[in-house]
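Common to both upcoming complexes is chain A, partnered first by chain B, then by chain C.
Showing the complex of A and B:
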């Protein structure tokens, strides 16, 4: 057990682990000490001096080494100067005064100093309303300045640091949080200070400028309006926006997001998404998201989206009513074996209902994806209790045939941190990746040799107490099997398991639900082209015709083609019936992340046109074909799913919405501390257990 | 021409001073080397020094920005830095600076039209008892000039003009 220390902060007694900083100890009992440069995710630097407090320690008698007593109590000796709460660790018997006259005076003066170089443009500043400097000035600062207004510091106000981030040099208070984030957390040290004193500027010299996929996070932790995103700046005021919890749909990490929305005239009075913000989940994305997740959601508002069902008449797709379209689709599928081809862009509920449709009609459900090894992850995948944040010394991590920085950026961040805590990171990849510099061992080899190299490493890797193995983009079946073999005997153990770096957010969900790969050996289009011949093909969120002309040709040989889609894709143009689907921002549902964590997302905006949720469309078509499939709400579908699929036992929407206290405390109006990331009040999700039901030995043909 | 082509031996000598796994320690001497010929560090130098030291270009730029003896744009070939802190001011440094600038036809912080001389006021150079004094940063490195008068300074500039050109 860690040693604890008891101290008193503003008359409150606190017991915290040894080594805790005063600022954090205070936070734990709800006492706010203002900070700018300190951030709970980074080591303190004590640069801004905003957190000055009075610190007293028990006086020790030098002769005896015992505390000096005064009226039977230890005498507390206060230092002649104030101390920075962010750099001072607690000690036994310490007394901290955060609101004494002396402390308040110092805090006020620091703010007065900061404001001598800060413009008074809050009314036009994007940060206004969620600005730590603004908030702390109101709470602790002076109402007036003793400095001359005419001597105010002026600097450039619109400096693009890269494509995505703008810098306002005048607003910068030189706290260095952005620089430290890039260097320490992101591992992309592309920002730094230039010049000194009042002339200090933030600069970047990388090529391209501000070359980091995590750049958007600097705007969250910037305590002023110096860093803003090109995407959102001048877009809306923080207090006009509503918040909707969501899950990022762009990669298998499953970062928790919050979409900020508002009704606006520019969009004809419609509710629109203004920005995506991180939402805390310390076991998934902590308080960070990558720039893809932050900026690449705009496709949901693309004007080309499908808004009405379409039915083919005389060789042409024409607008139809829902009832006509459902009837048409029902007639096509009824009495036929249906081949469902769906992608991991869909939610668990959608995939479950589509599989019900296929199973009910004696057909098959395929996952449109090229990375093999899905069923291996359902058996050897990580399970309940796994947190990459727990890995460190004594753990081993293998990253095979994957570039986490580009394929799943937040996993890069988490694996990098684990390696820095002492985990043995081994990378087997054909090309150099940004993760390489943190690896203990690098194996550069072609696709054909990778599996053999992994086998060579087996003894070293399996010696570790905990072992997590990632395999990705360029992995073949052999490599996936050899990765899984490393985890033999570790099934169901927390912090151990196989993680597929899937191309889509919910590929893992599809594997868990029993979807079959398009082609077990290569995943190539050839197999799919064969499979669709003469069948009724039901495609959802998949565009094989657009991806491969050979498949477009093959689909023409299908008996009938039914499509559920967001967009009028090439595949949709070949269909007999096309249903407009809702985007994940317009409905609720759940995804299963690559770490096998099931997480809920919630609607942020009303659905577009007549679009419906994929699970509801699948249920309606199933009903038209005489099957009984739940389609009334995502919650009810999840209940059915949990009852039918062993890995999901015990999962319900209520369970997924459970939250436990997380550290650091963020987003509760104390923006100065953690930044503008959102507190998680909508659920941390549930990690799946390894299925307990018996299966044949999944890893075949190997002496295990 | 790259630094590696221009100063191969000097670069080798600089790196010999530091352990092989502490290459970044060489960044400051390398910056001085880059400044020798032209009086400032350009973008190409930043990239090359970053590569040589195994750090990012931004890290190198930070050092150029922090230290007053590194410059990021072309100014006078001779950079005359007159100390005007309190002790020097008491010995007439302000007046010396004003008169010198007037004779050269520039203001403090500016460069003469021929690109030869740049004059600027700086903080303490630790020669208080010998003011007016200045430090010259030029092609030959850095030199101190103490107990100066405007006439003596102009003479110095004339001599330097022949050498530099």
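Showing the complex of A and C:
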């Protein structure tokens, strides 16, 4: 048990863990103390002086060591100076006045100082409307300026810090949050202060400049409009935008996102996405996302997207109605063994329905572009209660054949933090990675030796109380099995298990649903080429023909090709029927992250053209083939899925939408504190339990 | 006049040579401490002597040493030779002319707190002094006064010099530590204090050069002897750096309790052009300005008495201002200095000094002098008690006191 301390803040009694800072103790009971430099994810620095409060402590009699009493109550002594609430830890019997006349005066005076050098160009500032400086000035600041406008500090207003982030030197209030984020949280210390005094500026000193995949987060925690993204700046005012909860579709971390949208004249009055923001999920991405997640969603608005079904007529794909296309596809699959080839870009619901289609017709469902050993994670994967944020001293983490920084950036961030908390981080990888500097042990070896090296490390790793093993991109079957072997006996234990660093957001979902692997990059492309021969091939979100000319050839030998796609891919061009699919931003659905967390995403914009959700298309084709597959809504598909797949038992959309209180408190009312990251009201998701399926021969020849 | 205790080269010109220093009892105190005293005993003697820090704050030196915890290691000693306060030039004379006594002080302090490494942090402009000290340190190593197994004991010590890059703020002890660590010279939040969390996060004693130069004498001659010098509040002798409108500016080593009048007229040869003294700044540019009336002139210079005048003795850099100068000119200078030296880490100092600069410039240009003077006073007051380190407060001292105490100098 941690010791607690009881104190009084503005007449409210508060009991908090020892060591809590005053600013956080206040926050826990809903009292706001204005801050700029302090951020709850970072150690305090006490620089901006905005959080000054009156602090009194019980007077102690020097002779007796006992508190001095006054009218039977401990006498409280206030110091001559106000104290910074962000650097002062609570103590027993402390009395804090955050809104006394003295404290309010000081808070106002600090704001006045800040405003002397601030351009106040709110009307053209991206931050206007969600700006801590603006909000706190309204709440705490002076009503008018005593500083002459002509004497304001002037500085460059459009400085590209890199190709993603712009700096307005005039708006910067030198809080240092961006620098500290890069140094402490991202581990890419590429920003610094330059010069001193009123001339203090932010600079980047990396080559290329601002070289960090986490750079966008600085724009969330910058308390003014000094840092903006090249992608969004001057794009919209915050109050014009709506917010839709989503999940990043770009890697298996499954960061929680919010898409901000608005109707736009430029887009002919259509609702468009303006930006992606992090949404808090302390067990997944905390309040951060990587720059890929923030900026690389634009593919959904690519003008080449498919908008209506196509059916081949006289060797040419032609626009068709939905009913005609469904009928055509139904005729192709009916009575045939269908080979479904789908990728982990699809949602759980899509994959489930496609698999039903294959199963119902006696075919097979393959996961395109996958890693070996995927099915091992359904048995040895991490399960309910696992949080990388809990790992620290006493835990071991193995990262084998993966570059987390580039392949799953937020996992890099969280594994780094775990290593800094004392977890024993071991990396086995052929090349150097940015995570290396946090490792206790580094093994640099080629693909052939990796499995043997992992076996050598087994004793050390399995001695730890908790063990999490990441395996990735360059793993082969042997390595995957040896990684899994480390976790023998830990199945189902929280904070233990195997995590695949998959190439796609929902590869894990495909494994859980029983998809089989095919992967052209690991040589089984040959196998795929064989498998399609003479078959009805049903491809969803996969473009083998585009990836490999050999496969394009092979597809020509298929009996029929049906494609569900966002884009007119090479594969689509070879198809007999092409269905336009909806992007994940246009529909409901769920992904299963590499940490086996099932998470819901919601529609942000209306669907493009006549496109439909993949699960619905699959259901419609199945119906045309005489099968009964649920396709009315993603919610109903999930109900069916949960009933059919043991690992998903108990999961429903309602359950996925549940939230519990998270710390730190973030959100629109707390911009000044947590930044512009969104509060999570739409669901923290549910982590799967280990499947009770008994799969034989999961690991070759070994009793596991 | 009694023989100099710190500026001993003024009596023994060659004391900067190792053999001469040793012939005059040099390094006996260090040897005595290492071979005959427990570290704790050294701390006790220094505590009992009443020695207070000469860097400005006047904190009792022995007490500071006793704060060093014995459950966190290693420990460090850092000599603060940044000497950047305008009007302060005493440490330089010590290091140039009586370097061994200072180095012996460093060594004894290191032994007392269990440090095996000590750093001397010098302002960048002092690079010739650093080179000079490096030579002296090398001589000491050669003479087995530094290195391993000193005087046949297990105690080992090394001393290193480290040059700053020319920032006043690096004289502030935590900014100084950051600077040694190779970071930007900006103050840290205190607490924790350096004695607990100092250089590289380890317990560290930071002392001024002059403070440390006293230590060999105290160990050699005892606490009672030392206490017999100076006043009850401020034991021992002090080097007063006298500058401004005096005929003989320079360093004067005198017992605490000497009056301003004695310093200016007896030692300093009187005021330039024989004009009346108008004001005194006893702590360099960081001073509250003292109105130089008879009461002030007859005030003994010790920490408590100067405090009673509404000022601080600081590092005793006494700047004398005669009646040819208007105080708005003086604070124009100090504000420029602090605006230039503000490190920019905290809001009130970074933006306050900038604002004050604009206001004093308006006053100097004769623009709405009274209104702007009043605003300047408000802004200075508004900065007080809010800054992260004392520099911000320092920047306001002359401003508020000059306006309050010399209102006639701020009329349009």
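Going forward, the second predicted complex is superposed on the first by the 693 of 704 C-alpha atoms of A that agree within 3 Å, B and C clash if a C-alpha of one lies under 4 Å from a C-alpha of the other, contacts with A are read in each partner's own complex, and residues count from 1 in each chain.
Convention: contacts are C-beta pairs under 8 Å (C-beta built on N, C-alpha and C of every residue); 3 or more make two chains touch, one makes a residue touch a chain.
All of these numbers come straight from a predicted model, not from anything done at the bench.
*Asks:* Classify the contacts of A:174 with the two partner chains as first (chain B alone), second (chain C alone), both, or neither.
*Replies:* Once the two structures are laid over each other on A, A:174 reaches chain C alone.
*Asks:* Where does A:654 make contact in the superposed view: on chain B (first), on chain C (second), on both, or on neither?
*Replies:* Neither partner.
*Asks:* Looking at the overlay, does A:205 come into contact with chain B only (first), chain C only (second), both, or neither?
*Replies:* A:205: touches chain B, not chain C.
*Asks:* Of the two partner chains, chain B (first) and chain C (second), which one does A:191 touch, if any: first, second, both, or neither?
*Replies:* In the superposition, A:191 contacts chain B only.
*Asks:* For A:313, using the defined touch cut-off, is the partner it touches chain B, chain C, both, or neither? Pick first, second, both or neither.
*Replies:* In the superposition, A:313 touches no partner, neither chain B nor chain C.
*Asks:* For A:444 in the superposed arrangement: first (chain B), second (chain C), both or neither?
*Replies:* Neither chain B nor chain C is touched by A:444.
*Asks:* Can you give me the overlap between the chain B contact set and the chain C contact set on chain A?
*Replies:* Dual-contact residues (chain A): 192-193, 195-196.
*Asks:* Within the complex, which stretch of chain A touches chain B?
*Replies:* Counting only chain A, the residues touching chain B are 189-196, 201, 203-207.
*Asks:* Which of the residues in chain C end up touching chain A in this complex?
*Replies:* Per the touch definition, chain C meets chain A at residues 167, 169, 184, 189, 339-348, 350-355, 358, 375, 382-383, 385-388.
*Asks:* State the interface residues of chain B toward chain A in the complex, per the touch definition above.
*Replies:* Where chain B meets chain A, its residues are 46, 56-62, 64-66.
*Asks:* Give every residue of chain A touching chain C within the complex, in rising order.
*Replies:* Residues in contact with chain C: 44-50, 52, 80-82, 84, 87, 106, 109-110, 112-114, 116-117, 146-148, 151, 153, 173-174, 192-193, 195-200.
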